[in-house]
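I have a structure I would like to understand better, so I am pasting it below and will then ask my questions one at a time.
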Amino acid sequence: MTPIDPVEAAAPGLTADEPLGEPATARAYRRLRALPTFVLWGLVAIWSLPTLGMLVSSFRPEDEVKTSGWWTVVADRSLTLANYDAVFSTSGTDAPNMWGHFLNSMAITIPATLIPLAFAAFAAYAFAWMDFPFRKGIFVFVVGLLVVPLQMSLVPLLQLSTGGAHISAFGETFTLFPDLDLAGKPTSVWLTHIAFGMPLAIFLLHNYIAGLPADLMEAARIDGADHPTIFWRLVLPLSVPALAAFAIFQFLWVWNDYLVASTFLGTSQDAAPMTVRLATLSGSRGQDWHLLTAAAFVSIALPVAVFFGLQRYFVRGLLAGSVKG
Amino acid sequence: MARLLTTLLQVVALVGGTIGLFVAANAVVDLARTRFTLYSVLAGAVVGVPVGALANSGGWFKGGALWPVGGAIVGAGIGALRARFRQPSPERARRIPDRWRPAIFLFPALSFLFVGLVVPAVRTIYLSFRSRRGEESVGLENYRTILGDSDVFSLDNAGAIFSSRLFLIAAVILVVAVAYVVLRGPVRGRGLDAGGPVPVVSLSTTGALFVLAMMGALRGVIWNNLFWVVFVTGFSTVLGLAIAALADRAAGESVAKSLIFMPMAISFVGASVIWRFVYAFVPAGGDQIGLLNGVWVGAGGEPQAWIQNRPWNSLFLIFILIWIQTGFAMVLLSAAIKGVPHELVEAAQVDGASEGQIFWRVTLPSIRPTLVVVVTTLIVTVLKVYDIVKVMTNGEFGTSVIANQMFQEAFIGRELGKGSTLAVLLFIAVLPLMAFNVARVRREGVA
Amino acid sequence: MDRRRRGPARTLLTIALAVSLLGAACADDDDGDESAGGGGNEGGGGGDKVVTMAGPEVEVEAQGLADSFAAFEEETGIPIEYSGDRSFEEQIGGQVDGGNAPDIGFFPQPGKIADFQEDLVPIPSEIADTFTGLPEGLLERATIDGDLYGVPAKADLKSLVWYDPAAFEEKGYVVPETMEDLLSMADDMIANGDTPFCIGIGSDAATGWPMTDWIEDFMLRLKGPDVYDQWVAHEIPFDDPDVIEVVQYVYDLWSTEGMVYGGLENIAATPFADAGLPLLDGECMMHRQGNFYAANWPEGTEIGEDGAVNAFYLPTFEDQDFGQVTLSGGIYAVAFSDRQEVLDVLEFIGSVEYADARAPVGGFLAPNQETDTSLYPSEIEQTFAGILADADPVRFDASDLMPGAVGAGTFWTAAVDIVSGNKTVEEALTSVEESWPS
Amino acid sequence: MASVTLDQVSKQYPNGAYGIRDISLEVLDGELLVLVGPSGCGKSTALRCVAGLEDVTHGRLLIGDRSVEHLPPKDRDIAMVFQNYALYPHMTVAQNIGFALKLARRPKAEIASRVDEVARSLQLEQWLDRKPAQLSGGQRQRVAMGRAIVRDPAVFLMDEPLSNLDAKLRVQVRTEIARLQRELGTTTIYVTHDQTEAMTMGDRVAVLRDGRLQQVAPPEELYADPDNTFVAAFIGSPSMSLIEGTIVAGAELADAGVAASRSVAGGGAVALGKGEAGDLAVRLGDQVLPIPETVLARRPALRGLVGSDVVVGIRPEDVEAHDIGHREGDVVAPLTAHVELRESLGSELLVHMTIAARPALTDDTRTVAADADAHAVDVLERQAEAGRAAVIGRFDPRSKVQTGTDILVNVRVDALHFFDASTGDAIRT
């Protein structure tokens, strides 16, 4: 909608080759309009270069990766799949191959994403639409937990999953939490992730769910719905964007996690997710770090795909989740 | 393939099961309205199971399910008796479901939070007052050692800040800015226009420069955390905002935004490899394999060991996090910008405001809430930063941050006491933020 | 889904369904692990005979380690599960605290044994007695208050210098017999425009350790084993004049103009894993690094007399008489569980049978002197074995013997601080001294 | 079918404030009762209390003869139409309408047939598979209606169901709702802010103010005989002119040379016969109006008020230009007024005038004015100071009055309203 000043359009001095209604100002304006595009794509280039570098390197033979810059492929393109072969071959150890670790990652990530999603949704709904004592207080407390550093929670939780929790009283030992011997099993990993993901989940979902129109709930109540029904039939379907947004967050976080997985799985390599496998790839003394190029690319492929897939929701969900009031 | 199947089955069963329990629990309390007796019996049984288990001094399932089942039976019995003798009026019976429902909805989430975060947090605080492995109490000793450790916190040559060139530049800019504002004089009754672009921009520049000056002078993990917070938060937000604003008017918006966001999807192991190819260093003479050095040397510079040379090496690590977080800020902010009502912008256009003015005077104010969210979230993330430093330098070359120091102490040095202390320090650093968050949640009100 | 009019039957049904599903889930969980190899279940030290081991060796080395147990597993019927993790030394602390320790751990740093003393199982004397053929001092390293906690499972030979035979030939350099020769040769090289040394001490989590090896080697050669032992045992302070002198010596050597490829300031930045590579294209002449560096030469690099690279023993000073002082390192196996089969495994690791079983796999140097050197697959490995055999006295890597806080912490940091010119030698060593746990 | 009974119902909020207070009211079976009042008067609260969305704190609430104050909404056998419809955005029209039945576990076939039936009666057949977002305002409104109708509940509750429609549609839907309600004969409580709706739709209209019930009556009665100045001012548009006056002896008429007369066919007028002219008059500022016998008969209490102040109410249609004859048989008297503004509506001519008298400036009048807009209050107060009371006349369009001139108007003195100056209550017996 370029503003065309009729006076100027009709003004004398308009040379013939200038189409009417396209005065100098308008053209300048149009060029100016294109400027953001250039700047933006400049930034995009800067942002993508590092990743591109790794991608290219992953196709280069070891000695070249270690001795010349990846951009030199433009000059001599000697590309190979060797790195990928190395990564996908079980590489000696009788641990499962990359595909196996991929499944392990799945086995951890899926429950660690879905279950907190459900639980957080329950809680968020309760905080938003139910009435009970200390509602505000509890919610605020939960939000506060967002900032607890996780590193220190690891050991207590590991102890819990290995030995349970016991207290001694009246000369007897009572078990507060059973000795389930979960350490080394994927279960312990995603259980931990559920706990760690919960505050953000509740925070995001609450902001969204609390934003749903009140009279929808009332209409439903009058139509004969009780809280569970309202939750399943109204709130869940209406909250898809927020759910997807959190799902992506949690998925990325869990999929990319190394610390929790390696701590809880400890010596059991067979259950190790990809990130843990990557850490061992580069050899006892890191001499094989060129393999990481391929491996890293393999490991980011899925999350990136997931992100691109659910992006639309992501934005909507986060928006509603954040911009409230 | 079989494993994929078992995995999926397992997941389905788990999710189905947990949700099933939730549904069942709701169903039970609903019974209170119609069949109070049955409700009472079932509820009794449900409560009985854990009580029975807890009562088993041998451990929950020692001696089979005897104790839990026993508890269930006893509980059921009690429930039956209660129903028999304390049958409430239908009036009150009808209210029972609503009384228990919040508990049912909250229990799963809160139980996980309690076990996973609250208990460990409390334990950490406790440990921070105990000795190496928590054997005995040492009072504030840990805090004294930690804060006394010059690697953690040191004010030596803080004076150097004010003699540094950066500081002078900052000062000059500040003076100029103030002069500009004052000379420009009062603006249409708005008094001295401190909210305008010029003062704000110059002020923030001054701030950034000053922190840089501090960076040049001050050593210590805690300071590093501060620098991380300032730069990551600042740049991620500003860049995110800029990109969001640009993308709003540029071609190929969604693609561009996706590419900018992509780093968020990359694990830190991946990131470390990626950035190895940027910062890698080869002594002069050899071919550079790092992009940065490639460019640098190409421009005729001496190859630099970017992530080794203090004090600026931290900046290069910091940029990695900026690279990751900008996408996050951008997504939120661009969403917010699109949320700004068109009438507002058009009204401003009619009033003859320039694009810049519109952005500054209309768009920015109306996306303030989002900005606040972005900034607070970023700060929290940055304060807890760990992985990048871990994979890039393992905290060597003076790049360590609190979280790393904590890991170092607690896991490698096996100094649980000191590790916990650092964790507590992190809490404390975050507290004001928490308060702010809380206040904000309060203001928005729990709908 | 409306629960308002749901009959009790339905309710009970839901509960049953939910519970059974959850049950199924857990069941599946175990199956999942089973089909994955049944690894995790015994993480916490379950009842049956499986012995879990964990250590820093991964990939090829891990495979070699695993293979060398095949026969043992065969005859004893004790299944062994080894899992390698490069960050083993960082992980193990949490694992132990969390009660999830492996049955056997491999510590590259005997010094760490002290940190874990309360968690480790002392090796019963009847087993300890079977550990024969080890060079003097090795077992002492793992002994605290008379109890033996670990047994050497692998040896590293550190007093080595890698070089390119062809290049030496062509430029007329000869493998030096004494340190004096080596130094003068280095000067010649500089004069000839060659760079004597490639040095890199970068090693992400452990950046700095290669310099500690240099320091230790020169400590042995300049001050002798006794001072070395006092230094390790902290009988002399870390910033004792002797120590300062040695470190200063190394520093001065390194900072000599033209001595190091890329110059002093690049040493810290160069990952040690790649540090030697310029040797191959003549960028430098020598690379002082342990035998394990053999694995870092690119695939297919010929190693040996007439290969692309070869190694010689880092000579001693003529005017010092400390004998064939040699710096060694190695990995110790320790037990976190006192189950009989665990101790059996430990006993096997300490035996010459184990050494003989692993030697052929390659990438391995046996601490056990009785090992049949002919079993080593390559000429170079036999050379190493030879050097180790003649070595006397042998001293174990000091940084690995010192308390973890120092040996795996401040000593490394100090190295980085010195090289990157961040602290003077004296300042750096003083801060190490301060960090020594009392 | 059932009646709805509110027995001294109050809703008090935790902070002590009252949403509604002591409302007693019976909605007869099949009746359409309109709750009307200025915004914030508690009409919606009252409705939500009946619905069970808010719980009653005092008093009893019966639907039919069941006391329901403790029942959840779904057990009260009511249906509600919300101001902005509250349609479930993720469900189709059919699903929206059928939702309640589905929750009630009715057989699929029944649900389908009921939905079709309802959809037909609302001409929604072709939209059944659309989502609400794809519908026009009017259509959404009908879906909302359908959702209520489909359950055929004992009571309909409608919360300003038309306020989101544009004026034209509003009229159409208004009649449609009225028709439906009559056909179904379902007891209905209808909350609105718009008095035209109130007057046109309600069998009876209940006027609320500040949570209290002011008057319940059929529209005509409410209009013709308001209980107090609030109702008087609120009901009717343009609203009744309320002027402070004093009851005086009829003698003053003579002094002022004013006499009531009866208009006759052809526009002329004849003097009143003996006994018809009352012996009392009311002074408005410097003018007097006779109070005819008929009025005194209806409001005997006036006789006791000689010399005391009252509020006089004049409906616009009771004021006519002097040159235009009144309807035959009306008893009229002259009044001089200054023309401020004339609005021609074609069918009629609204003339805003002022006379030299104080306008009634009470809480009631203020509230009503405020409900229009804050400015109206200022105007009112300024008039009070200036001692110029506004009088609105609904003239015959043929009348030629000029803005800014003083004119003579005829006032129907037999239709005057009298209210107690202090309480604002209508003066009757």
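Annotations for the structure displayed:
Lettered A, B, C and D in written order, each chain numbered from 1.
The working rule: a residue touches a chain if its C-beta (ideal position, glycine included) is under 8 Å from a C-beta of that chain, and two chains touch if they have at least 3 such contacts.
This is a predicted model, so every value here is computed, not measured.
Think of each touching pair as a link: the shortest run of links from chain A to chain D has 1 of them. Among the remaining chains, the Cα-based centre furthest from that of chain B is the centre of D.
Just count the C-beta contacts per chain pair and the biggest one is A-B. Centroid to centroid, with C-alpha atoms defining each point, chain A and chain C lie 37 Å apart.
Spacing of chain A relative to chain B, judged by their CA centroids, is 13 angstrom. Spacing of chain B relative to chain D, judged by their CA centroids, is 57 angstrom. With touch defined as above, residues shared between interfaces to two or more other chains in chain B number as follows: 3, 7, 10, 14, 18-19, 23, 26, 30, 286, 407, 410, 416.
Within chain C, contacts with two or more other chains are made by residues 2-5, 29, 32, 36, 91, 94, 97, 204.
Under the contact definition stated at the top, the residues of chain A that touch 2 or more other chains are 66-67, 100, 107, 155, 224-226, 228-229, 233, 279, 289.
Per the touch definition, chain A reaches chain B in the complex via residues 33, 36-37, 39-41, 43-44, 47-51, 53-54, 57, 65-72, 100, 103, 106-107, 110-111, 114-116, 118-120, 122-123, 125-128, 130-132, 135-136, 138-140, 142-153, 155-157, 160, 164, 166, 172-179, 192, 194-196, 198-199, 202, 206-207, 210-211, 226-228, 231, 252, 255-259, 275, 278-279, 289, 292-293, 296-297, 299-300, 303-304, 306-308, 311, 314-316, 318-319, 322-325. Residue ranges on chain B touching chain A, taken from their complex, read 3-4, 7-8, 10-11, 14-15, 18-19, 22-23, 26, 30, 53-61, 97-98, 101-106, 108-110, 112-113, 115-121, 123-124, 239, 242-243, 245-247, 249-252, 254, 256, 258-270, 273-278, 286-291, 294, 323, 326, 331-332, 334-336, 339, 367, 369-370, 373-374, 380, 383-384, 386-387, 403, 406-407, 410, 416, 419-420, 423, 426-427, 430, 433-434, 437-438, 441-447. For chain D in complex with chain A, the residues that touch the partner chain are 51-53, 72-74, 78-80, 82-84, 86, 88-90, 99-100, 103-104, 147, 151. Note for the complex: chain C touches chain A at residues 1-4, 26, 29, 32-33, 36-44, 46, 52-54, 56-63, 66, 81, 83-87, 91, 94-95, 97-102, 203-204, 271-274, 277, 292, 295-296, 298-299.
The part of chain A that touches chain C in the complex is made up of residues 62-63, 66-67, 91-96, 100, 104, 107, 154-155, 158-159, 161-163, 181, 183-187, 224-226, 228-229, 232-233, 262-271, 276, 279-289.
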